[in-house]
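Before we start, here is the structure in question, set down as structure tokens.
Naming follows writing order (A, B, C and D), and every chain is counted from residue 1.
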């Protein structure tokens, strides 16, 4: 079923025709970077409201000569005509409308926004400030964290790629939460992100001279990824968990580092916990449990779909500290979305995603 | 029209003769940057083991033409002969030996290393791995956080400038701890630092190509500033407090951002807590409590002696999140050491330190 | 013991009342950073069109607590009422109108824009695309490079602070051009700048994720500082000189490094040329000629008013390569403007400007 | 003959067994990043003197889990036993000895050092300060710039990958030099590099806190890539050309931007010159000539094997300014070495190298 490389594919093996809606943002260009070399995919349509009429190589000079498609304004029928599967890389609120138009046209959709991540439209309303435009779709949308919902993704027609922070946090916490090794009420989550997570729209806090050399916390006690983390942790354990989540922004571009601190309710030491993680993730192609003495660094996963996880135990305070690192644009967005696509389309999950990190 | 530049001071007003032992490191050059314009000080001696014989303008081209002293190897008698007050900007372990030699020569000493920060030599031994060489001096050494020990500093002859992380953390926590507004056992401290805190010695993790664009946690559950934080918090409250402290390193040069999360044991809201901080620090010249809606950023204090503090309450989890920012080389080291010098020498505490931050 | 802090100045010594028109940009905040500690100055008025009504500490959190003035919209009469001397830190085109309103009110003006740098309004029109609004003022405006026009500045009421690139380039070339040591027609000028030179207005090329880690040339064969360099070089030598000037932008904030390459028309070697520079600039307080084996680095002048100059001779090609470095916001803008103010007001030229560079 | 993807290769299609000598440096890890996914290659041996005995995933955590080879000390026989083709990613001087040992063992060699780039051993001695250890091999070594020596590479057994600066400079100049459109004696070359070009060995100028935010020129009038540029330009034109080449270092990791300025000896305008470049490089898979109004940026080629070229004409001075950008570790080193390998081994030249740049 699977195709291993574009150029050798027989004419008879039809490629998946893929559209990227919202191609002019950072998750858009990252989808294109990865899809260009995906052996089972043909990129057939791009949309952008702000760059309509422009060649993608003008929008992103990095792609000049590598992809010669023009961006068009979004038109659901036209997109559906040209593609079998559609990535929505547009802002929340816009995505749910587009999805509602595309799904009836019988197309697979992978949404990178927040619009289909919540089961409960009331949570969406509370944190995003608007009523959900297509609440009936929330039931069937699959939260596209393959390490949690691989089985459900197999049959999905609407997948919601998780947020960047929740991806790093959930992968770092799943074994501890599911095995009830920590007290969930003690959980404190701090995370550091680079600027690309905030998108491509110029804005003073993202202005180079303001951010270079800067570190700050932001949206403290109010970041929208909080309810996403809580929803999934709560589902793991079967009761409501509330967490304190404090995101930070530093003067770098890619990468999320999440540091999670919680009180242990067992007497396991670091070696035992590491062994648990290794076993838990042994068949996961994109999770790497680091050996003793090593902790994740964002630069060691940059440009790749890997999530690196390390941990330490503070015996004095009986706490465990788990650290996880991802590239927010790959495993935290576009790479994970393609991983979901691979699963949905019955491909080897790793197809097109086995790029080693770019270091240094 | 009049200029108040230092060269116009009357010849009869004798300046404090100051030596910097360990002038070729980053806290050394920062002391010099600040002392050069200090109106009551004359820099009279510099030592450096690795740059002995070199002009300071060769060691630090930034100072070329601004200070024309040569670095010599450390000689206690010679240093004491040339200076009234001596800054020790050498590594721990070296500092305590130098101090033990200098104190009997009747000189004031301000040590920027960890050697005189601990009351209990056993704690020093436990965390620094060596026996203390001058345990009898620990009793008289004053922990040079003016906001806590201003009175004691007045009469000190040996001052121990606090570590960079403890400075940010303690200033951020004092009002809450002293007023017993949080549960100390719930305290989780995460902090982010730039590379200058790790010193000037070339090392692979500090190699430009390795660190640029990188974020990582380090020395998790084992950083040597942990016992320093614990000692001072415990003294505030009169019982032993243990904290989980996780430092992070990011690809920037200056600045520490500390994020402290703790469970509230009162029902105060953010406005009330902010009012408490404003009152607590109202007479402190170098602590700025940020108004509602604003949180500290390292770049807003860069190059200055200010500590900015902001806070938020997570009503859902009943936790308070306090964020503090300092320039690790100024309020976290050399600026604070000069602040201590001003107090010890009976000067206005602010003298030479009222530089606005360098932004952008 | 004595402190020479400004608050202790006698009440009877009247300070210069200074306004900053356009206080919310980067040259604005840099003026404020330097003026706050200027012993002969009192900042009395700030204007900003976009931040009218805001406290300056809200516009620039770095100044929070250090200066408590509110920004107002520009009103010439009101500004003239409150200030003796006015810095115009607004964009070109705006500045000339403001100057034309303020000068009749008998105030001294230092303009940081390009509006009064050209003698010939036709050149202004050609490169800036608009007719000059006050061409009659061009005659009396003094190009405020103290190293060239100190004498003229003494009597100026309208000073035009040079562009950042021209400052670095002219200081690097003056001795060679005036002494006719190089062939002016062979001159090739490349320069590298950080992002702060492009101002504070958010724009895609200055968006953090776009610029971080990037290097590029821009405005090749068309940068507006070209005619400014040419005007001054031509005046030095008494005939028209045209230069090729290629600016580059890299992912840093402060600093300009100019590299100038020209064919030697004498047989002088590097040592002789260095001696010439040392002699040429021996009385200049803000030009540092680096010794053999050392070349300028932007970080060694950061935050300071110094211009560092070094050179090498390529004996194989008979060319000299001169390298100069400044902080574009200080010697390339606000510091140099204050230096001009000091001269105009009869103060010691160095007043308020002797801050050592911030390193690292 | 060629294989397009690993997993589909028949068992009978034998892969090229490849060794990387000097795997623990930056060109080493970059070779591995690219070779891991090269469909016709199997990495069979790694050597490192400083990390002998270590798994490559310990040396480079980015490769953890992706390649499980151990580094050994270099042993020519052992390397030759395990590999058909050997990349030498060791420093100059070391490489020529290794090559002299390996070649008699009938192995193909691609050397990334400077040791086999010069035709004349006297030039090597002059610029590198040592006698060449294997001067007899210089005759047969092919300078591995495929755009110049593709034909010769086909039959090479010893290829010398060009330096990073010469690659950017030569690709930028070839059409102009070969068509005699510029005066070669007027040529001034300035270039900007990131820190990765200086290697992985910790050193004060590459220490993070020293380089971050810094710009400087270095090795002015004496950089070792100068004679390499001169050799190849001279061969193009059949007479000796000397150039002034000034490299700069800025605080970034990857990327070289070369700016070349020369006097035109024809009356061609920018459009005509651009058309010439487009025609010249029309069949080159890794050279992209940018359209009017666009100039190269290092970030637009980062992580890729592309060389982007743009140009402008300064009609006022009759000069052309050509700007080229490469990733110094890819087209400037490891990518180009693999491109040479592909040619030598009869593979499609693009195999394994068609990665789009990593942006942002």
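Observations, loosely collected:
Heads up, the rule we're going with is that a contact is a pair of C-beta atoms (placed from the backbone, for glycine too) under 8 Å apart; a residue touches a chain by one contact, two chains touch by 3 or more.
If you want to know which protein each chain is, UniProt gives these names: A, B, C, D = N-acetyl-gamma-glutamyl-phosphate reductase.
Treat the numbers as computed from the prediction; the structure is a model and nothing was measured.
The chains touching subunit C as well as subunit D are A, B.
Across the assembly, the mean Cα position most removed from that of subunit D is the one of B.
To find the repeat of C-D among A-C, A-B or B-C, check which pair has over half of the same contact pairs by residue number; it is A-B.
Here B-D and A-D were compared by C-beta pairs in contact; the pair with more is A-D.
Note: centroid distance subunit A to subunit C, computed from Cα atoms, is 46 Å.
Centre to centre, using the average C-alpha position, subunit A and subunit D are separated by 35 Å. Work out the mean CA point of subunit B and of subunit D, and you get 46 Å between them. Counting only residues that touch two or more partner chains, subunit B has 26, 194, 196, 209-210, 212-213, 251-254, 297, 299, 302, 360.
Interface residues of subunit B, counted against subunit A in their complex, comprise 186, 188, 190, 192, 194, 209-210, 212-218, 220-222, 242-244, 246, 248, 250-255, 257, 259, 261, 295-299, 302, 312-317, 319, 321, 323, 325, 360. Interface residues of subunit D, counted against subunit B in their complex, comprise 26, 194-196, 200, 202-204, 206-213, 251-253.
Of all residues in subunit B, those touching subunit C in their complex are 1-6, 8-9, 13, 16, 26, 29, 32-33, 36-37, 39-40, 60-66, 196, 212-213, 253-254, 288, 290, 294, 297, 299-304, 306, 308, 345-348, 350-351, 354-360.
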